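Read through the structures below before going on.
Across the two complexes that follow, chain A remains constant while its partner is chain B and subsequently chain C.
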Partner chain A sequence: MMLYKISKNNLKDYINYLLERYEVWGPKKINDDYVFSRIENGNEFSDVRTLLGPKDLIYPPQEKLFENDFHEIIVLGVKSCDFRAFKMLDDVLGIDNNYSARRKLVHMFNFVCTEPCEFGFCTTFYGPRLDDFEMQFTDIGEYYLVETNTKKFINNLFENADKNNLDIAIEKSENVYKKMKKLNVEKLNEKISWDNPLWKEFSERCISCGACNFACPTCFCFDVYDESERYREWDSCILAGFTRLAGNANPRPTLDLRLRQRFMHKLKFHYENFDYHLCTGCGRCIEVCPVKIDIRDVIRSVGP
Partner chain B sequence: METRTVCPYCGVGCNAIVISDGKKVLNIIPSKREDINYGTLCIKGWKGFYYASNRKRLKKPLKNVNGEFKEISWEEAIDITVKNLKNIMEEYGPESLAFQSSAKCTNEDNYLMQKLARQVFHTNNIDHCARSCHASTIEGLISTFGSGAMTTSIKDINNADLYFIIGSNTTEQHPIIGSRIINNVRMGKKLIVADPRKIQITNFASIHLRHLPGTDLALLNSMAYVILDKGLYDKKFIEERTENFDEFKDVMEFYDPDRTSRITGVDPELIEKAAVLYASSKSIIFYAMGITQHTQGTENVQAIANLALLTGNVGRPGTGVAPLRGHNNVQGSSDMGALCDFLPGYRRVYDDQGRRLFEDAWKCKLPPVPGASLTEMFELAYDGKIRAMYIMGENPVLSEPESDKIKKSLEKIEFLVVQDIFMTETANYADIILPAYSFAEKLGTFTNTERRIQLITPFLEPIGETRNDWEIFQTIANKMGYDWHYKNSEEIMYEISKLVPQYGGINYECIKNNGIQWPVVNCNGTEIMHREKFTRGKGRFMPAYWKKPSEFSNDEYPFILTTGRIYYQFHTGTMTRKINILEREAPEPFVEINTEDAKSLNIRNGGCIRLISRYGEIETRARLTDIVPKGIAFMPFHYYEASVNKITNPNLDPKAKIPELKVTAVKLVRC
Partner chain C sequence: MNSMLPIRSKIIDIWDETDDIKSFLIEDVIGEKPLPGQFYELSINGLGEVPISVASWNNDLLFSIKRAGKITEYMHKMKKGDEIGLRGPYGKGFPITAKFKVLIAGGIGLPPARSVIEYSLSTGDKNIQLLYGARSPRDLVYKSLLYEWKKKFDVDITVDVGDENWKGNVGVVTTIFNRIRDIDSFFYIIGPTIMMKFAVLELKKMNVPDENIFLSMERRMKCGIGICGHCNIGRFYVCKDGPVFKYSSIKDIPEIFF
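What follows is the complex of A and B.
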């Protein structure tokens, strides 16, 4: 592990340095919204948590299959929850050509949160500080501390950092652990109930927009369709067509059953297959839900 | 490249940021703006923008050569169009031409199309789909309040204590407004829903009134009766701010809940409870096609306005009347005067003063009598009186009632121009098809259901030889000898801002951030209308007696068919049916019938069923459900495979000329 620091004043120049060599993406301000978009100039970057993570840069919402040109890009300002999610996607989509090709070429630099976000509960799972990353940035005041195992992206704008700087970074991220309540997920897979009354309750207000899936950094399901060429696009397990079979038979005919599937998959089935919950606690599904269906309610419903 | 835009589907006007590479959409991200969609979108927003780069987009002008469409140059297409329109106008008079504008297009497009019709072709035969959705709102709210639009804002929903939804499937048709209502109800606010169908939002209703289709007026009048009877009305408000109260009281006397119950099928106690709850809360009424698409559509809307006047529930935060508009820009296209009876800014064509303003601005004489409405246009075409038609971005073959007759009318028309982004069921009848930009390629403005004028900026490069709708009109006007020389859409908006008082003085600079709600003065908008006084001065009570719908169930046609949209599809499906996920969710037509009715008709779920009305018959699949009550069938109108408008009721509201699409008497048989 190598420790560096870069002055915040130099971040803009660093991005311009990257821009001479790579395509760079990161959070940009559009009116009052922040979205991951292509950065043309170092000034455009904001270290802000966006509504959606950058999943689309490795796994696009819609893509044409069989003819793709992949190129190296750098994504700045990735939040650790979104970064960690790719490790999970790797277990499922790692064998997919397009996914794995992009995964190798897209460099994600995660920026550690030092304040909790409104809907997040990442401390329940991995928290804002990761041990496995490409370039991890933490705001330590006038500087960003940068932890990395590669010199590939280091230039003369970086200074060496020491253990003191690291301690500050750890302490800054501890702030999130202190303020964000950790939920109990021990034996959640065993305790979560098939007959939880929440499924029915959620179904009364769910408007089947699919936002929870589309905003989720760990959701990976897609649908394939042909329109003279072959495409695939993000799918949603909340939709009836997701499981509809020939002749209109459907193993999950009602919305409550589909909502149950979504939570059961994240909190039980995936855990039992892979030893981890398919959730990073990013809270995006709650934020983008028009009727505020809350996965934390499901976790809490099994008891303290 | 990232571009903020406005969703092109319903009238909520959700904002989204589109990431694109100029050729295609890469990602769609909801805007977090609190006043509209607070970081959310419905499935049409998440998935529905991709049609813009669909390979079926029209790319070149087409000419119908003996039933086959051949690609031609723009020059030829415009020449043929101008020559034919001109010849027909000169030979048979301007009233032999008709124009259909589009609620999917921008304000600038709509303004220029009606200007083309009126200034260049001297006719008021210009109309669009607002006729079949909220024409009755325009009449109904102008006569009572003075302005035919939502009185309050979407954000203001949070300030109300009670929501009364009548004739609106809010979670399916205006999902983000429906969601906002649900979120408020979950925080303790109250909800009344009046709808024959057990729609999703009734899950949150304290009171669900399941009245028979076509009995809305009786129901609303009866609520007024209860409020009057129990003295729950706002005497001060009525005295200071309204007129015609005495006449209103007299008419309402007829509607005691017991008697009304026999008309509506609603328990009198429920009517009473709903009335008391409404009158004793800070309330907003939401309504949509369930109110407007009736022969008494105007009276229905007036009855809603009456309730608001009676209880003082208008003109202050957390109150109001909210017609929910069904297209992204149907408010704007109406504001722009793409209507046969109104000039831009809702000046009646027969109002000399208003007309003179435009005659001076456009340096021409304008016809002082209303033109043919959308539905009447086809009638006149059928009779050979309208000989040429110019349709922009509409598909009346699927969207208008009694569609067999519409098809015959289109066959009879000597010259039909269709300007669209895709081939449609209507374009099949065209002589010339002109390929236009979609919203993805346009700079312009849409006005949402809360009167917010919002800027859209292009995020895709133009496809093929497509052109901007307004530029096509300009080319035609120039060929006709009119010196239009708008360099861009902002110059059109400049003209609008001078002539349409609601849009007074706006420009793209002042609306580019968050849009502005009209009426606008010096770039300051109006969130809540009718605050100190009504637009018309005093609020006017407009009472009316309930009449039976133009059709009702009888021995021969024992069921009432009602029509509408479903969540995953939009209107005639021109856009949504090209979106994989949306089409997958709702791939085929169906009719909802009550499980018990199905039993007695011996129809199984998914089985074939024939619907027969006085106007025709169609076959489709039955969907057995308890969403619809006994005696009522519901069918969406999105599908050409079984176009329900083949059999719907074409009878019109005499004032608003809106067809009674919500009530058609039908016979159901197993096939």
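What follows is the complex of A and C.
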């Protein structure tokens, strides 16, 4: 592991340096919102947690299935929740050509959170620091500490950093652990049940909008459809048509069964297949839900 | 190679089985011999794909397809020589075993059962019995083949509603369960969900162990390779971990029958 630091005053120049060599994306202010966008000038980048993550840069909401036009990009300001979600998606979509081609060409620079976000509960699973990354930036005051395994993206704007700088970076990230409530997910896959009363309760207010699926960095389900060519499109397990068969038979005809599927897939089924929950605690599904359905309530419902 | 890219193939022959079921003989351009119970995605450019279990294979692949949605409706209008996309074989089929096998097929469930029968007969294994139920005598598929099979092993047929010429059993498939030759068999059940549910219930009454019951499940399988998420039942993907499941491995999942 190599340690560097870069002065915050130099970050803009560094991004301009990257822009001369790569296509760069990152959170950018558009009207009142921060959105992962194409960065065209170093001062457009903001180190903030966005409402929607960068999932679409590797797995677009809609794409031609047999398209083969991919190029190298850098994504700045990725948060650990989104980065870890890609690691999870790899286990499912890794055999998909489009996904894996982009995955190899997209470099993600993690910007460590030093304050908890309003709905996040990432410390329940992993927390804000990564141990596997290309470039990891942590705000340590006047500087960003930069941890990396590669010199590929290092230039003369970087200075060498030492163990003390790393200790400060770790301490900064621990602030998130201190302020964020950790939930108990031990044996959750065994404790969560098919007949949890929450499924019915949620179904009484869910409006089947699918925003939870759309905002989720780990949701991977897609539909395939033909127009002039074959396309695929993100799909939502909350929608009635998701499982509908020819002749209108439907294994999940009611909303409570579909909500059950969503939560049990994340917290039980995927866990049983891969040994981890299909959730990074990013809190986005909670934030976007118009009727305040909260995955934390599911986790809390099975025990303290 | 894109994992979801269909291979261009050709329809060698088409014929009617019933009013709403046609058989398609398709050139096996992939050449990977399927196992009984496996399926292919058949693809029509500009329309989409349908997962269909293989009914038989020699040098070519046989699929018997019921007209049920817009793609199968289009396929029923296709002609000999037309181009069709093919990818597969996918999933896990029925166990290959010398043990006695009781095949319980309902309606369009007979084509996958045929793959088991032909596989067994090709290896000289006649340890099979077929119990087949259809809506009416008009809806029976493979009529002449059923007659051939009767000379080689036990075949019992029932229909929900008979007609003036029907002399066989009338009733759902469980009404001919008294013809089961050996309770210590493997039971392969293929058919509509309601039929599978009652067949399992009946077998359980006869004390057949869960490990000896195998079900071919039907779900909306879009990708066929376990990534699109549509065919989940519990932690399984029907396209990849099935479509054939041992009953004991899925019996605790409340949504297996619907």
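Here is the rule we use: the second predicted complex is superposed on the first by the 304 of 304 C-alpha atoms of A that agree within 3 Å, B and C clash if a C-alpha of one lies under 4 Å from a C-alpha of the other, contacts with A are read in each partner's own complex, and residues count from 1 in each chain.
We take it that contacts are C-beta pairs under 8 Å (C-beta built on N, C-alpha and C of every residue); 3 or more make two chains touch, one makes a residue touch a chain.
Computed from a predicted structure; not experimentally measured.
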Clash or fit, chain B versus chain C on superposed chain A: fit
Partner chain(s) touched by A:251 [first = chain B, second = chain C, both, neither]: second
Partner chain(s) touched by A:61 [first = chain B, second = chain C, both, neither]: first
Touched partner set for A:182, first chain B, second chain C, both or neither: neither
First (chain B), second (chain C), both or neither touched by A:38: first
Touching partner for A:97 - first (chain B), second (chain C), both, neither: second
Partner chain in contact with A:227 - chain B first, chain C second, else both or neither: both
Touched partner set for A:300, first chain B, second chain C, both or neither: neither
Following superposition on chain A: angle at chain A, chain B versus chain C, Cα, nearest 10°: 80
Partner chain(s) touched by A:30 [first = chain B, second = chain C, both, neither]: first
Partner chain in contact with A:235 - chain B first, chain C second, else both or neither: both
Overlay on chain A, chain C to chain B nearest C-alpha distance, Å: 11
Overlap of the chain B and chain C footprints on chain A, listed as residue numbers: 223, 225, 227-228, 235, 244
Chain A contact footprint on chain B (complex, rising order): 1-2, 4, 17, 19, 25-33, 39-43, 45-47, 50, 54-55, 171-172, 175-176, 178-180, 182-183, 186, 200, 203-204, 513-514, 567, 580-581, 584-585, 606
In the complex with chain B, residue positions of chain A that touch it: 28, 30-33, 35-38, 50-52, 56, 60-62, 204-205, 207-211, 214, 223, 225, 227-228, 231, 233, 235-236, 239-241, 244, 248, 287-292
Complex interface listing, chain A residues touching chain C: 65-66, 92-93, 95-97, 194, 220-228, 230, 232, 235, 237, 242-247, 249-253, 257, 261, 265, 268-270, 272-273
Interfacial residue positions of chain C with respect to chain A in the complex: 1-5, 44-50, 68-69, 72, 193, 218-220, 222-223, 225-230, 232-235, 254-255, 258
